[in-house]
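Order as written gives the chain letters A, B, C, D, E, F, G and H; numbering starts at 1 within each chain.
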Amino acid sequence: MDGTKVKAVLQAVREGYLSTEEALDRLKRLPYEELGFATLDSHRSIRQGFPEVIFCSGKTIEQVAEIAAHLLRQHSNLLATRATEETYRAIARIEASAEYNTLARTVVVRQEPRPATTGIVLVMSAGTADLSVAEEAAVTVDFLGSQVDRVYDVGVAGLHRLLHKWGELQRARVLVVVAGMDGVLPSVVGGLVSKPLVAVPTSVGYGASFGGLSALLTMLNSCAAGTAVVNIDNGFGAGVLAHRINLLGEG
Amino acid sequence: MDGTKVKAVLQAVREGYLSTEEALDRLKRLPYEELGFATLDSHRSIRQGFPEVIFCSGKTIEQVAEIAAHLLRQHSNLLATRATEETYRAIARIEASAEYNTLARTVVVRQEPRPATTGIVLVMSAGTADLSVAEEAAVTVDFLGSQVDRVYDVGVAGLHRLLHKWGELQRARVLVVVAGMDGVLPSVVGGLVSKPLVAVPTSVGYGASFGGLSALLTMLNSCAAGTAVVNIDNGFGAGVLAHRINLLGEG
Amino acid sequence: MDGTKVKAVLQAVREGYLSTEEALDRLKRLPYEELGFATLDSHRSIRQGFPEVIFCSGKTIEQVAEIAAHLLRQHSNLLATRATEETYRAIARIEASAEYNTLARTVVVRQEPRPATTGIVLVMSAGTADLSVAEEAAVTVDFLGSQVDRVYDVGVAGLHRLLHKWGELQRARVLVVVAGMDGVLPSVVGGLVSKPLVAVPTSVGYGASFGGLSALLTMLNSCAAGTAVVNIDNGFGAGVLAHRINLLGEG
Amino acid sequence: MDGTKVKAVLQAVREGYLSTEEALDRLKRLPYEELGFATLDSHRSIRQGFPEVIFCSGKTIEQVAEIAAHLLRQHSNLLATRATEETYRAIARIEASAEYNTLARTVVVRQEPRPATTGIVLVMSAGTADLSVAEEAAVTVDFLGSQVDRVYDVGVAGLHRLLHKWGELQRARVLVVVAGMDGVLPSVVGGLVSKPLVAVPTSVGYGASFGGLSALLTMLNSCAAGTAVVNIDNGFGAGVLAHRINLLGEG
Amino acid sequence: MDGTKVKAVLQAVREGYLSTEEALDRLKRLPYEELGFATLDSHRSIRQGFPEVIFCSGKTIEQVAEIAAHLLRQHSNLLATRATEETYRAIARIEASAEYNTLARTVVVRQEPRPATTGIVLVMSAGTADLSVAEEAAVTVDFLGSQVDRVYDVGVAGLHRLLHKWGELQRARVLVVVAGMDGVLPSVVGGLVSKPLVAVPTSVGYGASFGGLSALLTMLNSCAAGTAVVNIDNGFGAGVLAHRINLLGEG
Amino acid sequence: MDGTKVKAVLQAVREGYLSTEEALDRLKRLPYEELGFATLDSHRSIRQGFPEVIFCSGKTIEQVAEIAAHLLRQHSNLLATRATEETYRAIARIEASAEYNTLARTVVVRQEPRPATTGIVLVMSAGTADLSVAEEAAVTVDFLGSQVDRVYDVGVAGLHRLLHKWGELQRARVLVVVAGMDGVLPSVVGGLVSKPLVAVPTSVGYGASFGGLSALLTMLNSCAAGTAVVNIDNGFGAGVLAHRINLLGEG
Amino acid sequence: MDGTKVKAVLQAVREGYLSTEEALDRLKRLPYEELGFATLDSHRSIRQGFPEVIFCSGKTIEQVAEIAAHLLRQHSNLLATRATEETYRAIARIEASAEYNTLARTVVVRQEPRPATTGIVLVMSAGTADLSVAEEAAVTVDFLGSQVDRVYDVGVAGLHRLLHKWGELQRARVLVVVAGMDGVLPSVVGGLVSKPLVAVPTSVGYGASFGGLSALLTMLNSCAAGTAVVNIDNGFGAGVLAHRINLLGEG
Amino acid sequence: MDGTKVKAVLQAVREGYLSTEEALDRLKRLPYEELGFATLDSHRSIRQGFPEVIFCSGKTIEQVAEIAAHLLRQHSNLLATRATEETYRAIARIEASAEYNTLARTVVVRQEPRPATTGIVLVMSAGTADLSVAEEAAVTVDFLGSQVDRVYDVGVAGLHRLLHKWGELQRARVLVVVAGMDGVLPSVVGGLVSKPLVAVPTSVGYGASFGGLSALLTMLNSCAAGTAVVNIDNGFGAGVLAHRINLLGEG
């Protein structure tokens, strides 16, 4: 897009061949690609509201490394999700300050300072097997700039352990609740507090858990009104959503 | 089955043509239908452990009435499930003492006295829309001869209402927990007590509850070990199971 | 959108306050809604390539009538699909020339002349119960301006009836093949000819046909390469697609 | 719960029989139902954060009327969802100021003044057939006290209509996006703005839409990170969630 | 089961203490396990109608070898299905005449002569990828004692190749038709001949073939009346069924 | 097909312009529709092996009556399945000897004598609610000309009732076993006899029976090798298959 | 939780500043986490009714070993399920008396004596491939302290083998019935005895067994009333449930 | 097929024993396999409209090499899809000019010149992970002889990137749009242009994408009328369909 045609119209206006009315009419008739997209482009980083993220699954290590190198040259922060240790090492060869979270399978490079925020996003999970997804959510929230509290291993089978965390529940502004198998934790937590709650089903389970379908359906049908559900194992998406909600409270 | 061939063998034994060893050998070789089934027949009422029950769904009122008349002539008790009011009236014309439970959609005729039992089966339900299934379970338990406690409307969204029922939970020997939508109540109750618990999913709900599938999967995947699940809306089956378990505690 | 801001820029250009470069830069920074959409709007009828269609299912008769009246005032042609007889009568009160096709459940009003095209779209169906969907496709094709041949009741169980239609198969430029139950007709037809073929599964069937799912899967998995599949019962969509393909051959 | 045992402990403290340490120890050993639940009860209205709502589906008109009468006597506001006109009339006989929204199938009685809030929740829908769910969301948001903007009939098939609403998209603090069939609208909107977005699949559609499953899966798999999904047709739940998120921004 | 009680009854008859009527009555009342099972046992080989078969999948090689050794000592024929080459070698060490069919993954040992039968079972398959299942069916039919014809690679995409096999179709008494992907071959063959036809879906395919579900549904919904369907990839079951049907024609 | 081109070739042969070799070559090159189909047509009644049947579901009463009238004018026998009483009355107005089976929902007109066959097809069903499908199978078998035995109400819950029918099981040449809900009857019967067995799942049930899916899967996975499965509720298809198998034994 | 606030209230009571009524009122208003949870904690071992169990699947060997070491230091018994041989060796390094059951994939350490119970839990399975799940159930039952009988390899295809086990069926107080593929064994056993029966579907099978779904549905739809179903492959859960039921009979 | 019987008829015509009418009548009665198939055979290459293609998945390398060698001896072009590098090397040993496309996993040998066509097929894809399927489509289109444009990585999350490609959209005659996850790209593109559009769902995704099912359903339910859908990951089928449609525009 070089704007040649737009400039030709403007030139005609300048030289008096076209009235402003005529010019506006011509601009409207120009082929679509000549107009407007720059607007979209230049506002893009604001529009999307978060730095570039690389979803590593389904990409070769070479592809990931190439994208990472490109982004790091622009001095932006970087989050890579679903990253293997090999992927991490490839990124670390480009930028030595890259940090790997084994549990979350994330790589983070921070080149710009973290924004100062006050609200807390509480990430909860039911079982140790759900930790990977919970950590992906927590790392994402932290990377985007919100503060994170973690409350893990508070399954409903030990209800008292959950009730002991009453303080953390009160302190948080937004909740991310991760659970596999029967996926009941968000329903129980949603019965205790009235804050925005993001429920994340995980594929943890066996038999009729059907790769997370059981937990997903439980959460979608939760009797606790006001529960937001994201895709199975989508800790990243939950983190983005929780951060965006949290930002509203930053005033 | 007239036993002709068996009698022929016996006659031969009587008359000395066959030794008892030979006779036993012959009996074993007789065609299957000549032997043994009577045993099954005469032990049937013991074997099944509960009086005759008519599942009305998919039967015409005439068919139900005919079966009911046949059973009542034998002075047995009668339970008809999934009965419409019309079905009830047809049975009441045969036996005026028939009782209809509108909520449970059951007809009960009691001609033999109730056995005296001491254990309590507690039937719990999450929402008012689940009452029909819960009542079917409760009526079945009562009909078979166990005592019933009812604790309704204790959904997880109001966790305190459930915790207020701690006493009832402690008093019961067996639990029947009925829930639709997300079906989380059995998981929460199963996290509080270690008694045998029968979970009944209901078809109550909308959207991704898929006619009770969501609640069914939640219960099958319950993290509370030791949960028994029955078919969607199967209050009757849950009642039979709970009664059988309860009987074990009668000593 | 009144273009006020654009005009202000143009005026500044006209009056020499802004160079064309500066103006282009400003235009790119204007809020999105000020620019470009008119382009989309004015090209809309070309872009969509077919007159307005009303999908009646899920709309009240009043809503349909209101939309129809609006369109007819603009002298455009009108196609209403999934229309009941009542809906037809409501439209006929607005425009007496409206025609109802009982089988296809369509209402057609033609106010502009049909374009002259030469290619033939052949609509085939397997069973009499699939006729409704096949006719919806045929009416749509005719309404949009392509010629239609119909070959109905040529199920695979009577393979000879299909082979007898060799001539029609050869004559057509595009095929629409409609089938319910096992949905095998498109596979067989696709094994005979190499023309673009649009397969339409129908919800006709019972048992494990699961409302058309069986036929849909058969068609998606067809071993006859080059088969296009549309949604279950989507005769309209098949008609639009077949017409668009046919138009390419009009040269 | 009468607290008898707690009072006995307290009395013993008062009378010097128990040290505070011993008393604390005893209190911890008391049966669960003696303690703590009042806390839950008295904090309940705060905890849940919204007035009582009656979900009418699966309840008889008598049941709904009884609950409504009970709540209205307490001078609270009332929202009844999935209400038929008959249900409305039953409530209107109790409180004449009840208002019925035919499209949303809601009854609202407002006895307490609306809180003053500034943030706007934008409710968008793709097709006219989705209006019922969209309106349920909008009515819920309004009932709970947030301001609502409505942008209906902006399906992706007419992308320009959506782009024309750029202003409304910018103005809103939270988005509720309702869509049936292919359910793509939230993905497209989520590609344009980075605000919290609640996606609501509807059961509108036919064929392989499988009662909203298609739209639900589309939304769960949305490539636009940060999308919250609720149950099929769950306009009420979306409204509650959007209101809770919006409240955070009221600061 | 030692028959002690039966013998006691018989002894009483012999000694004149019991009439035959009384004895018959007593026999009927004996506990179930005392009677009748021998009948079942001694008739077992006739009842099942085919020699022992080992389904190797899910068994260790040691388990298979142990069962095979046991059977071969009894001089019976042996068929092992889903056998790896390792399994074959383990059996071959026990009985050197064992034959392995790589395609069908079967091991056959024939120690008793094949029965002489005249009817032909025709096994057809659509694609080369279905050959494994087709061969399992063919080997089973041959092993049980029926004659087999094979017609492979006659997919519907090349309808003429199928029609060229008219002679084989006429000659057969029973058909086994194997197909994956869209699974249409049985429908087409069933439209040409009126013989008993056993349709075998295979898990061959990709995408929406869902591991054979698509082919299974196609066959269950086949418009060709009189089609028998067996489980996905169940060549063995199809072979048993076809052989049993074929035997009826042996007169 | 008027054969003009074939006759031209033949004429040329007659007149000596073409050798027989050349003529054969020309015939092979003629367009497909000129040749061969008559062969298919004239062999059709033999090929399909059973008289015309009208599947009434999805057809209007007028359509059914029209087809029936056409067939009856040709003095053929007639079977109409899924027929309502209204449909029966419409056929009875055409041919007074038409017979309606309320349970099976079939109409039969017999104008040609039944063939004399000796083999017996045994139709079994588990519950009274399955009777409709079982009767459809039985009526179909009888209509086509095989003898039928009926053994109804022999569910597995009363195993003794099934074992009492040992004689009927032995007497039959082919079995049709109908069951809904858990669909276990065919597995149990298939464990007792080694005859060809056609299993028919029915849509009878509730909850997780999913309209017959549960019974269908049970039958497809039956451990009793040699079980043929047909579509849910497909009594007609089972009858056709059983008759065809039975015919083989007629010698 | 240090109870500071409670102690302050108690101190005030002690010192006469607060009446017991006032103190009770204050206690009720205290933040939730200050009260009551200890009750839950100290009653936990009673409440759950069984020693700690480690579900190894989804945990690293290090995680399992750490938990095991922690528990063993407390001299409790230990059951680890879904344990590989490597996991066993890791536990055996901590406690040499650990026992590994290869079939059940369980590790058991017994440091406290087994309770003396009299009732028998009978574990039955249909095929050799189901043994792993059956053994997991049996080991669990034994670990918890109930006596176990095992009856394996009694599939319905050989009904006589099952009937031979009449004695074992009579002797047991509770039944655990394990089956894959068609999952019919619980239905047949449930038709013979009226004891509490826990049905366990397994993922054993192929084709349309869909990883145990077929067996699960069969069991949920079982016509034998009073059947408890647990998740696919959930031998552990079945064992816990059977033990709890059995304990009731220990009275 | 040696045509003996046909020649006998012709001979009789030649010799005057049969009139042409009688001969035509006899020909019609000849067994099917004697006639007509040659017609099918000789027209085959025209009928199918594209050179031989080898679908490598499920075939051994030896099988692929054998088929390839056979085809290459006939000097035809060759396309092998789903080919591993090993498969490529096997083909390259036969014909050194074979070309491998790593991304598309295709092998192409071109022995005949490409036909000259003018229309452009535009292949678009949403994410880098969909490239493999998109390339398979593109290679297929090119191999068959149409021109290809590629527009990759234009997901809806960056709508501006798509709008920038307005020119490519206008230039193309047919579109192939490939997308995984939510599969919304075809809906958006179909809302912009009215050309024939082939939508290809891919199995790319995780969680509730269910191996491409989510994208498939989105596309089938697309509100953009006139969308053709093919099987999941079926780039080849999409390429064939697009090429056939494109050919129509070649005049």
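In this text, a residue touches a chain if its C-beta (ideal position, glycine included) is under 8 Å from a C-beta of that chain, and two chains touch if they have at least 3 such contacts.
Predicted model, so just to flag it, every value in this text is computed and none were measured.
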In terms of touching chains, how many steps apart are subunit D and subunit E, taking the shortest path? 2
Hop count on the shortest chain-contact route linking subunit B and subunit C comes to 2
Touching subunit D and subunit G alike: which chains? A, B
Relative to subunit D, chain with the most remote C-alpha centre: E
Subunit F and subunit B are one sequence twice: same or different residues at the contact, by the over-half rule? different
Distance from subunit D to subunit A - Cα centre to Cα centre, in angstrom: 24
Between subunit D and subunit F, tell me the centre distance in angstrom, where each centre is the average of that chain's C-alpha atoms. 55
Cα-centroid distance, subunit A relative to subunit C, in whole angstrom: 38
Subunit C to subunit G: how many Å between their CA centres? 58
Multi-chain contact residues (two or more partners), subunit B: 31-32, 36, 40, 48, 157-159, 192, 207-209, 213, 216, 220-221, 225, 231-232
Pairwise chain contacts, counting only pairs that touch as defined: A-B, A-C, A-D, A-G, A-H, B-D, B-E, B-F, B-G, C-D, C-E, C-F, C-H, D-G, D-H, E-F, E-G, E-H, F-G, F-H
Okay, in this complex, where on subunit A does subunit C touch? 3, 6-7, 10-11, 13-14, 16, 20-21, 23-24, 27-32, 35-36, 38-40, 42
Per the touch rule above, subunit C residues touching subunit H in the complex are 46-50, 53, 119, 173-174, 192-196, 198, 216, 220-221, 225-232, 236-237, 240-241, 243-246, 248-249, 251
Can you name the residues of subunit F that touch subunit C in the complex? 1, 31-33, 36-37, 40-41, 44, 48, 57-59, 63, 201, 203, 212-213, 216, 231-234
Contact residues on subunit C for subunit F in the complex? 128-129, 157-160, 163-164, 166-167, 204, 206-209
What residues on subunit E touch subunit C, complex-wise? 126-127, 155-159, 181-184, 187-188, 190-192, 205, 207-210, 213-215, 217-225
